[in-house]
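Here chain A shows up in two complexes: once beside chain B, once beside chain C.
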Partner chain A sequence: MTTVFFQQVLNGVILGCIYALIALGLSLVFGILEMTNFAHGEFYMLGAFMALFSMTHLGVPFFVALLIAMLGMALVSALIERMVFRPIVGKPLINSMLLSFGLSTALANLALFFFKADPRKITSGLAGVRFRFWGLFLTGERLAILILSIILVLGLTWFIQRTRMGKAMRAVAQDRVAAQLAGVNVKRVYSVTFAISGALAAAAGTMVGAMFFVSPEMGFTVVLKSFVIVILAGAGRIRGVILAAVLIGLVESLGGGFISYAYKDAYPFLLLVLLFIFKPEGLMGGA
Partner chain B sequence: MMRRLIQALLFLLVAAGLYVLPRFFSMDYYLHIFVMSEIYAVLALSLALIVGFTGQVSMGHAAFYGMGAYASALLSIRLGCSFWVAFWLSGLFAGCVSYVIGRLVLRLRGHVLAITTAFFCVLVTVVMNNWIAVTNGPMGITGIPRPSPLNLGLVRLVFESRVHYYYLGLFFVAGVLFILHRLVRSRLGDAMIAIRENEELATSLGIDAMKIKLLAFTLGGAIAGLAGSFYAHYILFISPVTFSMNESINMLVMIIFGGMSTLFGPILGAVALTVLPEFLRMAGEMRLVIYGVALICFIIWLPEGLWGSLRNVLLSMNEAKRMEE
Partner chain C sequence: MPHLKVESLSAHYGRVQALDNVSLEAEKGSIVALIGANGAGKTTLMMSLSGVLTPSTGTIEFEGKRLERSSPEQIVSWGLSHCPEGRRVWPKMTVLENLEMGAISVTDKSKVAERLEWSFSTFPILAERRRQMAGSLSGGEQQMLAIARALMPSPRLLMLDEPSLGLAPIMVEKVVDIVREIRSTGTTVLLVEQNAFMALSLSDYTYVLETGKIRLFGPSAELMENDEVRQAYLGV
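And then the complex of A and B:
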């Protein structure tokens, strides 16, 4: 029983890592452009397909495919930001919500049209590698997710804390006009934000594709859960997002394993309601 | 005086037009589109009260619509209630739930409120899919009875044909329109608009923001519940798919399409977005792609909605005329 429990905890943490990668991108866009991007789930889906196709059509190994997907999605999302999102910066939130929803519908159905609905798997070559310790199982893929997310999160933290661009991003998040007055190129900040967010989503999508499968509709429920994580985390702190993501991963994994699997999509909402009742200022304290 | 006369004439003209409409479009297919337009008009109006007038973006409206439909279906099948009783009870039920949910979520603002209500909608769908003992899960509920015949003195509505649903729907839309018209013209309506424009300022003027927001949310939810009941007894079959979050978004698109801070806009949007997608049926698999792209173009180029943009054009034309004089 305890082994099963700890196995579920481990699975929950891995799941949380994936959610963290997705939610970090969402939280960046949310903090810097003040927009909710419902199409973020489709970035994740397209990233997974990019990795899949570069493996099947170009024959590159898994980690190269991962890099290609991240770079490719960085480019695609920066392009989408330029064409679709930039015209409505500063408009009421319902506009950006419906706009990104339209984008999400269009992308998901385009993918359905071209790639068809049958789920496919990315063969990472890591599935055979298995670790056993204290009676727990850890496949090579899951270990890779853990390591990859740690690397990406550290990289992102470094980028935001130490580079000039990161500083500019933080400035825009705090006060767009003041940043502009101080000479920050706000438009470039927007592009870079979207590029980072797309790359993180692509990494998450590729890993999920290796662990489970890739399909055109994989994005939608994930994006809602990631929004919950962003809300739980409060104002865009990286640490808060990771904590909230792992919490959601644990709740889903333990709830699905021990309470009822059918209701697993409802748990994040219940968590959100509990938070509003007992700690309205967000998980990490004052926003 | 003249103005009132013109208004009354216009009203009579519209009423007469709506009355004879089924004579010209008597095919079942057209009548179905008309009835669905009426249902969506009610839903869009009730959502406009929350989003357009009070400024609280809710993505959970389909949940109240669905709860009304399920409540009404279950009341009439399990307890043998007549439609005329179940209709009001399901509105009451949806209103009560939306009061409780409103209490919980309305202190949130902006994006956070939108996402939380979206998740509420997902939660309701999950329950509908999994609480099989009551909702029959994804299979849905079949065998919902039609409304019993109604004697209105002059006419007798028997609800065997879609025409009768159409006329009942007209009364429904007119009733909701009347109530909301009175509401938004009253002091309460002014308070709602004040909250939409600036909540802190409204509070400082002595408006109890929470109370007003809660009123709009509860009333909107209750009306959506009524619409759900009408839908259930019209289609005679309900399943969770109909009340998913996509439906909430569809309603939001309707009110932004027509323009959401008037009462005419949501009706325009509801009718347009019920009729227009019918033309997309020909596009087959690409239908939703076209819908998505159209939505993007619309938001970028007509952010104020059809009605709002038209009014802006008219206003600027007026302005130009005045300048000439």
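And then the complex of A and C:
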């Protein structure tokens, strides 16, 4: 019983790390552009397909495919920001909600049309490597995913805290006009924010595609769960997002393991409802 | 030729006209004050000068360069810096980070280090608090930080919007000293103030703005004696 518990904890942490990658991008866009991006799940889906096709059509190994997907989606996301989101900068939130919801539906259906609905798997080639320790079980693939997502999260944190562009992003999030007056190129900050957000989503999509499946509708529930994470964390808090993501991963994994796997997608939302009832100021306290 | 020359500038928020045919000039190394009631258009004029707002018509000329269609980051790099009303420091960044970001238009790293050193010697309180979040500073300290941040790119023209607002009298005096010191280095200062007495006594030349129009202008010492100004703005 305890072994099962710890096995589920391990799985939950891995899942949580992937959720962190997705939710961080969403949180950055929300904090810096003051927009909700419901099409973020489709960035994740398209990234997964980019990696899949890089492997099946170009024959590159898993990690190269992951890199291609990240770079490709960074570019695509920046383009989408420029063409779709830039015109509504500074407008009320409802604009980005509706616009991104439309974009989400359009991208998912285009993917369905071109890529077809049958789920496909990304083969990392590491699933056969197995580790056993303390009665727990871990594939090489999951270990690689865990390490990789931790590296990406730490890399992002370093970027935001230490680099010039990262500081510019924080300045825009905290006071856009003050940032403009100081000479920050706000448009470039917007492009970079979307590029990072898309790249992280692509990495997450590729990893999930390796652990589970790639399909055109894979982004739908993920984007909603990511919003739950962002709400739990409070906008613009990197550490909060990481904690909330791991929490959601654990809730989903433990709920799936001990209650019923059939409702695994419901647990995060149940947690959100409970939070709204008992701690409406948010998990990490007030504003 | 004046250092800054604004001609027939108009600006709108949607259909509401905020500036109506405003013209003004500032000589190099002078302190020019802009006074007027709330909503007279002072901040709008400042925001147009720094490129955050695009004026509908009119021209802005600074050191021979036209600014009215330029982006804020270009304008800062050309030597015109704007310290906004309400301080607007980045509350969740440290004092040091606020200053570093103030110098984002400066590409030469040694120049940034030099400016940082200058800021810390001019504002010793900022050196003491360099690792603290800007949001944890007192109002007066935040104003010092905002001014220091605006001075990081070594501007040749500094715009100060309501630097004395909400400050204790002793801090207002400190701000006055700083403005004098900035001017003594040859920097032109454009000062927006609701505290008309402070503005008139500190500046060389003053413009009075009323509902988007220039109502009066002249040497500050003369305006100080003007009956209209005395009644409306000095309350005597």
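By our rule, the second predicted complex is superposed on the first by the 287 of 287 C-alpha atoms of A that agree within 3 Å, B and C clash if a C-alpha of one lies under 4 Å from a C-alpha of the other, contacts with A are read in each partner's own complex, and residues count from 1 in each chain.
FYI, a residue touches a chain if its C-beta (ideal position, glycine included) is under 8 Å from a C-beta of that chain, and two chains touch if they have at least 3 such contacts.
Since the structure is predicted, the reported quantities are computational estimates derived from the model, not experimental observations.
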After superposing on the shared chain, does chain C or chain B touch more chain A residues? B
Of the partners chain B and chain C, which touch A:K167 in the superposed model: first, second, both, neither? second
Check whether A:A117 is in contact with chain B, with chain C, with both or with neither, and answer first, second, both or neither. neither
Applying the touch criterion given at the start, work out whether A:P87 contacts chain B, chain C, both or neither, answering first, second, both or neither. first
If you stack the two complexes on chain A, which partner ends up touching A:F30: first (chain B), second (chain C), both, or neither? first
Given the touch rule stated above, what does A:L272 touch, chain B (first), chain C (second), both, or neither? first
Which of the two partners, first being chain B and second being chain C, lies in contact with A:L181: first, second, both, or neither? second
Using the touch definition up top, name the residues of chain A that touch chain B in the complex. 30, 34, 36, 84, 87-88, 91, 93-95, 97-99, 101-110, 112-113, 221, 224, 227-228, 230-231, 262-263, 265-266, 268-270, 272-273, 276-277, 280
Within their complex, state which residues of chain C touch chain A. 50-52, 71-73, 76-77, 81-84, 88-93, 97, 100-102, 104-105, 149-150, 153
Within their complex, state which residues of chain A touch chain C. 164, 167-168, 170-171, 174-175, 177-185
Residues on chain B engaged by chain A in the complex (per definition of touch): 51, 57, 59, 104-105, 107-108, 110-112, 114-116, 118-120, 122-123, 126-127, 129-130, 249, 252-253, 256, 285-289, 291-296, 299-300, 303
